[in-house]
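One structure is given below, represented as structure tokens, and several questions about it will come after.
Per-chain residue numbering starts at 1, and chain names A, B, C and D are given in the order in which the chains are listed.
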Amino acid sequence: MKSEETIRRLKTIEGHLRGIIRMVEEDAYCIDIIRQIQAVEAALNKVSAQILESHLKSCVTTAIRGDDPNERERVMKEIVEVFEMSSKV
Amino acid sequence: MKSEETIRRLKTIEGHLRGIIRMVEEDAYCIDIIRQIQAVEAALNKVSAQILESHLKSCVTTAIRGDDPNERERVMKEIVEVFEMSSKV
Amino acid sequence: MKSEETIRRLKTIEGHLRGIIRMVEEDAYCIDIIRQIQAVEAALNKVSAQILESHLKSCVTTAIRGDDPNERERVMKEIVEVFEMSSKV
Amino acid sequence: MKSEETIRRLKTIEGHLRGIIRMVEEDAYCIDIIRQIQAVEAALNKVSAQILESHLKSCVTTAIRGDDPNERERVMKEIVEVFEMSSKV
């Protein structure tokens, strides 16, 4: 159910991206194209945040409540990694 | 020619995005999906930079060498705006 | 101990920032100043990631292992919020 | 004059950063510290945009109106570089 919402959003973004390709084909103004690309990136950030939220509620909760210290360590490390990367893209 | 390269890159990114939709449909691991979304964003940043470069060499150069102070002001303002936005997405 | 490391890093960044102020006072080349500001931002991102890591290992782990669903909900919501914000700054 | 405004803003940011160091020393809540660091980064982005604007109006305009193609090429390349980097920090 949650992933249907994610798929719906990603398909909207795919449509947006195809619109940008048409803009380039039709020789649209460069700055307008860059702005549309930035809008796609903002939309992708929202999807990532939504996926992270559902990840925290499922896998991360299970791992942290579980008995395996390596697994706990692993899920936390992954969150820090995507957090760090999110400021780089 | 330059825009063919841009179109080619954007189509590759579109394919990448479709791959991410498949990952969500097939219930892939959340963190792997987020990492792929971040890779798409990094690729979009490169395309934006490429478009900005060609914009600087064409429209911006024409405007700055031209006699219309409003036009010069306008192209510079746009660059500052996309620069500021680029750190927000 | 962990926070001593954070303080040490933040003080280094503060010194870096004071160096940038001197660059502006001495009329350094604009692009060099922007690059130094970007280096400060990259360093701040690293500190944030380090703080998030220690937050996950302490407060978040306690909350998720605890019995209060509101508290669990709260800590997860905060992580999603700082993750979303991290792509905007 | 313009650079006095930049210096004033950077000194405000320096004060903000010192406040964050105090927060860490006084063991403030991790998420609050991360949010303050993100506020500092947002403020730094604004200063960068302001510096870029004055750079465009001075050095870049001079170079683009000038007769040296290497110099024109150089200033444009630098703008693309800081633009690309701005999405990475």
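In this section, a residue touches a chain if its C-beta (ideal position, glycine included) is under 8 Å from a C-beta of that chain, and two chains touch if they have at least 3 such contacts.
Quick caveat: nothing in here was measured; it's all calculated off a predicted structure.
*Asks:* By mean C-alpha coordinates, which chain is most distant from subunit D?
*Replies:* Most remote chain from subunit D, centroid-wise, comes out as A.
*Asks:* Subunit B to subunit D: how many Å between their CA centres?
*Replies:* Here the centre of subunit D sits 21 Å away from the centre of subunit B.
*Asks:* State, to the nearest whole Å, the distance from the C-alpha centre of subunit C to the C-alpha centre of subunit D.
*Replies:* 17
*Asks:* Could you work out how far the Cα centre of subunit A sits from that of subunit D, in whole Å?
*Replies:* 26
*Asks:* Two or more other chains touching the same residue: where does that happen in subunit A?
*Replies:* Within subunit A, residues 45, 48, 52, 82, 86-89 contact more than one other chain.
*Asks:* With chains as vertices joined when they touch, what's the shape: line, ring, star, complete or other?
*Replies:* Complete.
*Asks:* Help me check something: in the complex, which residues belonging to subunit A touch subunit B?
*Replies:* Interface residues on subunit A, with respect to subunit B: 3, 6-7, 10-11, 13-14, 17-18, 20-21, 24-25, 27, 29-31, 33-35, 37-42, 44-45, 47-48, 51-52, 54-55, 58-59, 78, 82, 85-86, 88-89.
*Asks:* Give every residue of subunit A touching subunit D within the complex, in rising order.
*Replies:* Those residues of subunit A that touch subunit D are 87-89.
*Asks:* In the complex formed with subunit A, which residues of subunit C make contact?
*Replies:* 45-46, 48-49, 52-53, 56-57, 60-61, 64-65, 72, 76-77, 79-80, 82-84, 86-89
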